[in-house]
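Below are structures written as structure tokens.
After this come two complexes, each holding chain A, first together with chain B and then together with chain C.
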Partner chain A sequence: MSLKVDSKQRTALMFHIPAIVLLTLITMVPLIYNLRISFYDFSLTRAGSRDIFVGLENYKMILSDHEFWNSMWVTAKFVIASTFIQLVLGVIIALMLNYYSGSLNRLLTSLVMIPMMVAPLVVGLMYSFILNPQFGLYSFLVDLFHLNLSKTPLSAGGSALFVLILTDVWEWTPFMALMTLAALKAAPIEPYEAALIDGANRSQIFFRITIPLIRPVIAVSIILRGVEACKVFDKAFILTGGGPGNSTEVIDLFTYREAFVKYNFSYAAALCVVLFIIMLIFGILYWNFVIGKQSND
Partner chain B sequence: MTKKALAIRRTVLIIFILFILMYLIPYFWLISTSFKTRVEAFSIPPKLIFKATIKNYRMVFIEKNFGKNLLNSMIVAFFVTSISLIVGLPSAYAFSRFRMKGDKILFFYLLGTRFTPVIVLSLPLYFIMADLRLLNSFIGIILAHSAFNIAFVVWMMKGFFDTIPKEIDESARVDGCSWLGSFFRISIPLTAHGIAATSIFCAINSWNEFLMAFILTGYKTATLPVALPGLMTPQGTFWGQIAAVGSVITIPVLIFAFIVQKYMVQGMSAGAIK
Partner chain C sequence: MRKVLLVIAVFCLFITATLLVAAEQKYAGVTIRVIAEQQNPTLAMQKQIPNFEEITGIKVELEMGPMDNVVGKEMLALESGTGAYDIISIPYQFLGQLIENEYLQPLDPFLNREDLKLEDFDKSDLISGMVSASGEWKGVSYGITSNSCIMIMFYRKDIFENPEEKAAFKAKYGYELKVPVNWIQYRDLAEFFTRKPGDNLMGETLKQSFYGTSIAGKRHDAMTCEWLNYAWSFGGGIFDEKGNLIIDNPKNVEALDYFKGLVKFSPPGVTNNTWDELTTQMQQGIVAMQIQWNDCAPSIEDPETSKVVGKVGYALIPKGEVPVAHFGAWTYFIPVDAPNPEAAWLFLQWVNTYKVQKAIALEGGFPCLTSVYNDPELSEKLPYWKASLDAYEISTTRPRIPEWNIMNNEMMLELSMVISGEQTSAQALANLQKKYNDILKGKLPVAYQ
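So, the complex of A and B:
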């Protein structure tokens, strides 16, 4: 019996070996190398600095770096606002889509999913074109309707962050909508029948039956979107470049700048370790809440 | 249904469709700008009816050599997809069929690559690739993109393999087929549609990726997204050409996405929902 188990183990290992080897080489080795660099004082602007060991000095610098904390705060605002707006809009769109069936549903779903297939960089460029103060569609509309809005939303901190959030909402609301739609379609019909027999009204059905049924999927979607939003880079890079000032400098952009604009490699490596640990905590939480639950069912 | 209810239903549908179309205006705007001349693109009020021209496309893809970047994007996406499938499929199969000591750790590790920010991997890979003289090479960027896509293949394909009843494998085993044989001759053919969908998602992931390609590629290997910001110069921004490149990046993705629409949610949430 034990022999049979062992042979199965060996077969399993054989199937896993290519992935284990390649992932070790292209993810594990770089991450360990990154950890090593973070204890040194490697900077491109100083020769020989690659070998100066400084211990935890880079990490101490991070904790007292105002720009780091600013980036964390900007990212937090961005993640919370964009995920929340996507959630609300996405659920509404999903409920609408769920109302139609057949080829009409397929056509509408195809249209709805367009934004999330557009490369994030292109989304950023698209909006910088539309928001161009001289010839953009936005400033034309502001003039046309005599709106009391700034014609250059990207030149003020608060509104620039708002625009960045909007581009993310534009791109990823479809994701929330499709996830919710899938949950709605998979929902059993019996609770609805029972509710109708008991004479429940529409809002009661929505809040007491629909919401609880789709809640697990919505929870997963929020986590997935939240994690992806933490990693926003392309749109901020091309649309605002972190500015004005550093009002839209999200954490990945800040880290990128430290590494490839200021060439503070070791400091950036330490930032990467911090980011990795933060995401690891999210990963463990996610694992315990979602995957753990699934395997218990 | 009463006449009034039908009328309400129809009105709601029209409002909903109008809302979706308005939502998509920014994208339609990009496509239409790519076919406009410079004067038309900048005219106020915006011109809705204009004479379409392919001048932007000719200018950017032939004279500015973006054709080369288009080819680079295709090469990278093709090899990333191939490597990710070759490495990811067996692992996905094993997760679906066997329990192994420590496979939970491996599973968590694969999930981890999904949570890891691109910059966290790009920075050390930049140093390693520089030491190995692989910066600006296809090998560098292909391996880097594969790092994220292998996990994706495992997550998505495990779901497809799970849909094949274990009895089919077992009966093949009884007939003297090895696990490898049943993997190649039974499980792979039975999940062909799933593999096709997974490949398309992999290719799209690589095709749309910017940051890692921006850091690891150079003049010779730059993909389309990497070359695109080069059209914003201090002398001015070539909006028509940016729109042309943007259209060429997005239109093939949309075509493929519509083909795998059925698997859209599965692909987007790979690893999150069974």
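So, the complex of A and C:
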């Protein structure tokens, strides 16, 4: 079989070439370089180390690295908890927004979107000020209302991770809400009318009609948020630096430490590859379960 | 004949004159690239650069940034050998690593070159202890200190001298309230000055809590830097005299227990404290004393940022078995791949002239020239000057071996887990002993550090 390209397609190809070249340069080249150095013993602190080939040694080390498994576990807890809370709150907010219409709806939607527009680094800084034990709003409120709460939630492992999850929920719930709202707005009215005629009650309508209608959008949002949450770095870096101990050391922070604090570039590159593979598996699962199912439907 | 002689004489004069000018103007037109941490001393030096450019005709491109960025860039440049910098400033604990990789040029050949000597530079004026601690490796000189600091004790002079507080302290502890000289007194004072809202301090009712001390408990360099003072002072440390690992030594355990014991006399949230938070707490007037880097003192004495200007005293940190003061420094080095090493050497000399060093000192830096340290104007103007001088006399340095960076990172993690209560001091130090043994496999005992 020969590929036939007519002149129209050739012209189209010409227009695409700059973008293809640029994307290859800025994504594929670093990716391949990263893959390459992950098989070497490249450390910035050892001269000539970039030429020492070690094969799969870095990958073997990762598997037996206690710190790696700890950071994977911390990341898993973070991703599951923050995505789940965002989903629940997001759907509730979307249903509430959907209830109002007209200018009130537009106003509320705009207000809800504000946290999402703040850079994650700024969110981290903001919360670090709010939670400052001496001058922060949080300890002021704890004092004012005599609350039985720790004034330093960032000082204990469990509550520090909880705070981290909370900041993510604060920032990204609007995203879930907006996605769900869009799905609700796009949902056809007929099934609802039919259900009402058949005498369905509110909860039946919600679980049997609304949820199935918005399910594909929710699935996409969960995947998008999940993948994003796996990449959390800024907030953890600013708020806790991975501490206390290593209780909030998410995988990206761990990789950062290996690369830019310990200068073990090859090891960090191998970590990136492992993370990439994990993401890829999620991607494939998503493709099979969500996209595949939809096309079957 | 006479004409010929005259021409020869004029020619000789001309050559001599050229040679004389040469030292300073020999590299006019050259551009050198310098990289250093963005800190008060570097900024003060930056202001003086036009003077260097005028004297030598050499153009200086100075790059500055925060610590991790600067060190990362330097390491990358050195590893790839691109000749990106003529001078790098880097903390001294990286020295062993840099030497092992043959990244640096020895300074000795430059120090003896008369044709490259700047008139105002006097090498005998350099504080030899400081320069050797921060730039010398196995008897060879590689660099000159760019900015140094040392750990001393900051304490609230006004509170320590208050008669009511003095009387109350004596009644409770049975001895006079004075600047603590040992760790028992330091702990007693930390306990004594920790007060709740509603309690009295210097005859006034407190609206918010006041704390005896504050420690740096974040998983950060600041914590290991502070704790090492206690460890050394308690008679522990990382290596013994022979270079064997002693990190799990009972004295270190005692020092770590003591360090953790100070948490209850510190403002809440010690796990977020680095030297920056400690400085803020002192500036806000909510702590009585702390072990701090002397380069944080200028901000304590800055009326724009501090509520306690003139109220803070500076002294040596308390003494345990041995007097110690943790010395920290960044050092200027000339990399082997520096495109213009001679011009770089002229710059290094110029930075270490009296005029430049004094300007740096006046803006919060610490010089490496004896003459500037002894300048009466500085000791009069700067309340932290005398304590700093005393501290340099007893300074102690971190290991400078190539593995230290990784060892330090492990120490941050283990200590942090002690402060947050996830493990005991003994567990943490036993873990460290095991980790350090792995890291230093085949290199023990460490003969030179």
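Everything that follows uses one rule, which is that the second predicted complex is superposed on the first by the 273 of 297 C-alpha atoms of A that agree within 3 Å, B and C clash if a C-alpha of one lies under 4 Å from a C-alpha of the other, contacts with A are read in each partner's own complex, and residues count from 1 in each chain.
As a convention for this text, contacts are C-beta pairs under 8 Å (C-beta built on N, C-alpha and C of every residue); 3 or more make two chains touch, one makes a residue touch a chain.
For clarity, every value in this text was computed on a predicted model and none was experimentally measured.
Enquirer: Looking at A:149, would you say it contacts chain B, chain C, both, or neither? Reply first, second, both or neither.
Expert: neither
Enquirer: Which holds for A:26: it touches chain B only (first), chain C only (second), both, or neither?
Expert: A:26 sits against chain B, while chain C stays out of touch.
Enquirer: Taking the superposition on A as described, I'd like to know which of chain B and chain C A:111 touches: first, second, both or neither.
Expert: first
Enquirer: Quick check for you: in the superposed arrangement, does A:44 touch first (chain B), second (chain C), both or neither?
Expert: Second partner only.
Enquirer: Look at the residues of chain A and decide whether chain B or chain C touches more of them.
Expert: B
Enquirer: With both complexes overlaid on chain A, does A:80 touch chain B (first), chain C (second), both or neither?
Expert: After superposition on chain A, A:80 lies in contact with neither partner.
Enquirer: One more residue to check, A:257. First (chain B), second (chain C), both or neither?
Expert: A:257: touches chain C, not chain B.
Enquirer: Is A:96 in contact with chain B, with chain C, with both, or with neither (first, second, both, neither)?
Expert: First partner only.
Enquirer: Output check: A:122 vs chain B and chain C. Expected answer is one of first, second, both, neither. What do you get?
Expert: Touch partner of A:122: chain B, not chain C.
Enquirer: A:243 in the overlay: touching chain B, chain C, both, or neither? Say first, second, both or neither.
Expert: In the superposition, A:243 contacts chain C only.
Enquirer: Which parts of chain A are touched by chain B and by chain C alike?
Expert: On chain A, the overlap between the chain B and chain C contacts is residues 134-135, 260.
Enquirer: Within their complex, state which residues of chain A touch chain C.
Expert: 44-47, 50, 128, 132-135, 139, 151-152, 154-157, 240-247, 257, 260-263
Enquirer: Can you check the complex and tell me which residues of chain C touch chain A?
Expert: Within the complex, chain C contacts chain A at residues 68, 72, 75-76, 78-79, 94, 97, 100-103, 218-220, 267-272, 281, 284, 286, 402, 405-406, 409, 413, 416-417, 419-422.
Enquirer: Would you pull the chain A residues touching chain B in the complex into a rising list?
Expert: By the definition above, chain A touches chain B via 8-9, 11-16, 18-20, 22-23, 25-27, 29-31, 33-34, 37, 96, 100, 106, 108-122, 125-127, 129-130, 134-135, 137, 140, 144, 170, 175, 178-179, 181-182, 217, 220-221, 223-224, 227, 230-231, 233-234, 237-238, 252, 255-256, 259-260, 265, 268-269, 272, 275-276, 279-280, 282-283, 286-287, 290-291, 294.
Enquirer: For the complex, give me every residue of chain B touching chain A.
Expert: Within the complex, chain B touches chain A at residues 13, 16-17, 20-21, 23-27, 29-30, 33, 41-46, 83, 86-88, 90-91, 93-94, 97-101, 103, 106-121, 123-128, 143-144, 146-147, 150-151, 154, 179, 183, 204, 207-208, 210-211, 215, 225, 228-229, 239, 242-243, 246, 249-250, 253-254, 257-258, 261, 264-265, 268-269, 272-274.
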